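Here is the structure we will look at, set down as structure tokens.
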């Protein structure tokens, strides 16, 4: 069955993200149950699943917010992510976008990006740090990518919901991560914004590995990538959207509802 | 809040010139007031209307110490969102360190005339000076300790607290417990800090008689300088990228973490800096009021500081200073004029400032925002210039 | 010595010989007159003889002598009982009670006593009470004899031990007999038995007595009494072990007692902070309001229903709940509801409220402590054995704390209101859409927490000063309990209060009260840093949000 696809895919020698047998439980509730899957370098992957399937918990485990009870999580085959904290993981090159857009609301759009710049992030460096010209240029470049150049001096708190989502994606790009984890990027967006976001993600996927968690089927279809279906904390099916959509189990637990 | 995008100037050059409009105005007012008071006290004759009596100088000096304390609380609460209910403890520790120096300066002029031991130790039948009292006959050593003792406590406390991610009200409550534990400890006679009575009956500081008008004026000037330097340091911190990260932590802590900042180190750094500022404020306060006792550790004191900041306007440095001076002036006035009413007013201030004035005086009155907006407008021009230059 | 004893045995015989009434009356009259003797040693002997008559009237005479109400009438040297009326003294015959008219003070001379006589009087009164019908009096009389160490009582006691039926009185008598036998006995075997009896009786007083005897033995005849000394030593060791156990139990009780106080103070906070997440710094003032409500009700009772005074505490419990609850609801509606989701601001605003409430109480009732008296049915102590007793008010507070905890759990778990409350705290929006008026539930929840604090105030009025600062003393401890136990869990609050209370009391003997408190505070500070969410924290993915 579809499980076989997953087994074939396990080739740790060339993975950017490698999860094996990860379990997490909260007060007896198993949020993740022997979850295993692999993301190849440069790949874009969509993760879908009903509420409570463990999508957000999976992101928490990868980014160091939650420690798994058991299982292995490796980044680029070499780094054990279960031992590191959020900041270390972020600096390794894993960026995360939250479900609810979180930006620094009392800072300008420009400052939001500047703070996300990839650089030494120790407190004493920041105390005496000054922006260099090429860094400024990089910020301007991203401002243009996320279409917020005109609003660079706005306080981020004054942006619309969709603009905040883009700003957050822009902040991830500033970190120049190898792997981006994007949680429901189009939730609450207008149709036009959704289309633009899909374009943006495809653009990003050209130079980064991206894992997108999403509910919106049309959006997932427009991403045109491999899909992993999560259910009750483990992988139910994996493959192209067409393959998983025709899987009877998937239809039963998710699409059929 | 943001600074100019690209600066070629070194960090320290921009310390003064980089002050935002409000900051420059503040420095001007502080300096002018200091000159007015010094002249008013020393040159203008006593029968003149503009004469400033010495008791008033000391009172104002006390307010300035409170202002520095408020500044330290604002630095962590206003900018980083950490509500410490233990800053009174750092203030009191700085005060105790200074008190120890002043006790050692008494020498054999105490009631018991013991050249080595302070009176309260003689009274308790102690035979020799405890080890932790060594070195305090030196002013330089004392100066170091004024910063080191509160700083070290803040470091140890913050190290544990921030690493375990104790946040929000939990942090507030344990800082309150910390100051409460210190209050109980300093009440004990066998701690060696004078127990209930604390340290008092000071005679002189670096050879100057504490009761003379000149020394009092000198202490006032010292407080002005301390506040000015504290303001510059705070301003430098908040204007730097570090400061913007503090605000980022305040507004979205986990975003900051996922952006790659070790939030706990930032919090620890600013907590220690803030504790040191509070300690310095305490050390200047003690010689001006002439006593330090355990009641300075009482949790009510620490929480009162927070309300000065809230009233003035948290997240704005000179709001904190303004709040400290206004509330304490009110306190001095009303505890004299309407002693019954003062606690009602203080309690009312807590409620009023949280419900009606969440941004404080400075944040609420828009005049102060205009300067910032004008500055922001100018910066947009700077940006386009830079862009053209690059292209 | 022998003579005295013989005389006393005769005296004792008279006690039980109902036939000799007339003889007694004469004897009593003569003995009373004999009190005029100047020599104190002789006077003491007369006192003992008086006591030996066993007459009810002898008790009155001895008490009067003790109180300085016996006089010698200068005109005829007769001993009389004088009661001061204005400037004169009303004289009464101390034996038969006939009135002898009024005289001026100058016509009388007080019968003087010294300490030796006083001891004899106390022992005498004790001896007279030994035959009282009230078992309580017999026990306290036996204890008085134990303390007085009056050898004259030995034969009387021996006789009484045999006839005593009451199981509570008998051990007390045996203890006193054994003490006297050990002290004054010259028979080695009797003394050995006495030591065994004393060992069985136990208690700090026996230990002191044994120590005293031991020292005397070693001073006087170390060689001869080595066996007795060894027995005494082993008895002391046994009693010490026993006392240590009692000390431990006592400590545990003190700890549980402190824990119950902490639980009462913190349990309302467990609702407002634990369930609602509201930091109410004025929580202590709700406790204070409860205590002042108790005071007001007591004073009202004193004026309007003095007979009811003993039960004003019972009435105060529901009223304190209502009064503090009302204050809580007012506080929630007027201030706190505007600050939901801003815990730090809530903290500051409620601190302000606490200042205002304290000052309000100071303005109305003054800054001094108010006296809330302990009702009759709560005073006294439950004496389990010698050296181990628990006061009733502490026991009552422990029980009360548990009842309040149980009551609160029932409200949260079994009532519709509790269900709505949990629904609102878990998902406000959802609860709202289900038709729950969440604003109302918020106010009621806050009222409930404050009301429980008010009930705590009733209990605290029994063991603490009712003053405007009452609440301040408990606020930090209460927060420590809730935070230590884990937020949102009443069992956690119970365990938190229990461990803090007991830890405090067990540290106290080693470090003193203040250091113990500091240790506990530091321990909690460290603990919170290890487990920021407390002992019984709810683990979940959305805790940080």
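Note that the chains take the letters A, B and C in the order they are written out, and that residue 1 is the start of every chain.
Everything below uses one rule, namely that a residue touches a chain if its C-beta (ideal position, glycine included) is under 8 Å from a C-beta of that chain, and two chains touch if they have at least 3 such contacts.
Everything numeric in this text was worked out from a predicted model, so none of it was measured.
Peer 1: Mean of the CA atoms for each chain, then the mean for all of them together: which chain is nearest?
Peer 2: Answer for the innermost chain: B.
Peer 1: Centre to centre, using CA atoms, which chain is the farthest one from subunit B?
Peer 2: Result for the farthest chain: C.
Peer 1: How many angstrom between the C-alpha centroids of subunit C and subunit A?
Peer 2: Here the centre of subunit C sits 67 Å away from the centre of subunit A.
Peer 1: What is the distance, in whole Å, between the centres of subunit B and subunit C, each centre taken as the mean of its C-alpha atoms?
Peer 2: About 49 Å separates the centre of subunit B from that of subunit C.
Peer 1: Once you find the CA centre of subunit A and the CA centre of subunit B, what distance in Å lies between them?
Peer 2: Averaging C-alpha atoms per chain gives centres 43 Å apart.
Peer 1: Where in subunit B do residues touch two or more of the other chains?
Peer 2: Each of 254 in subunit B touches at least two other chains.
Peer 1: Spell out the residues on subunit A that touch subunit B in their complex, using ranges where they run on.
Peer 2: Touching subunit B: residues 63, 65, 85-87, 90-91, 95-96, 98, 102-108, 110-111, 114-116, 118, 121-124, 126-133, 136-137, 140, 152-153, 171, 175 of subunit A.
Peer 1: So in the complex, which bits of subunit C are touching subunit B?
Peer 2: It comes out as residues 279, 335, 338-339, 342-349, 351-356, 358-360, 363, 476, 479-480, 483, 514-515, 517-518, 521-522, 524-526, 528-530, 532, 544.
Peer 1: Give every residue of subunit B touching subunit A within the complex, in rising order.
Peer 2: That would be residues 1-2, 5-7, 11, 237, 240-242, 244-245, 247-248, 250-252, 254-263, 265-266, 269, 376, 379-380, 383, 386-387, 390 of subunit B.
Peer 1: Show me the residue ranges of subunit B that touch subunit C in the complex, using the header's touch definition.
Peer 2: 83, 157, 160-161, 163-170, 172-174, 176-178, 180-181, 184-185, 187-188, 254, 299, 303, 306-307, 310, 340, 343-344, 346-351, 353-355, 358
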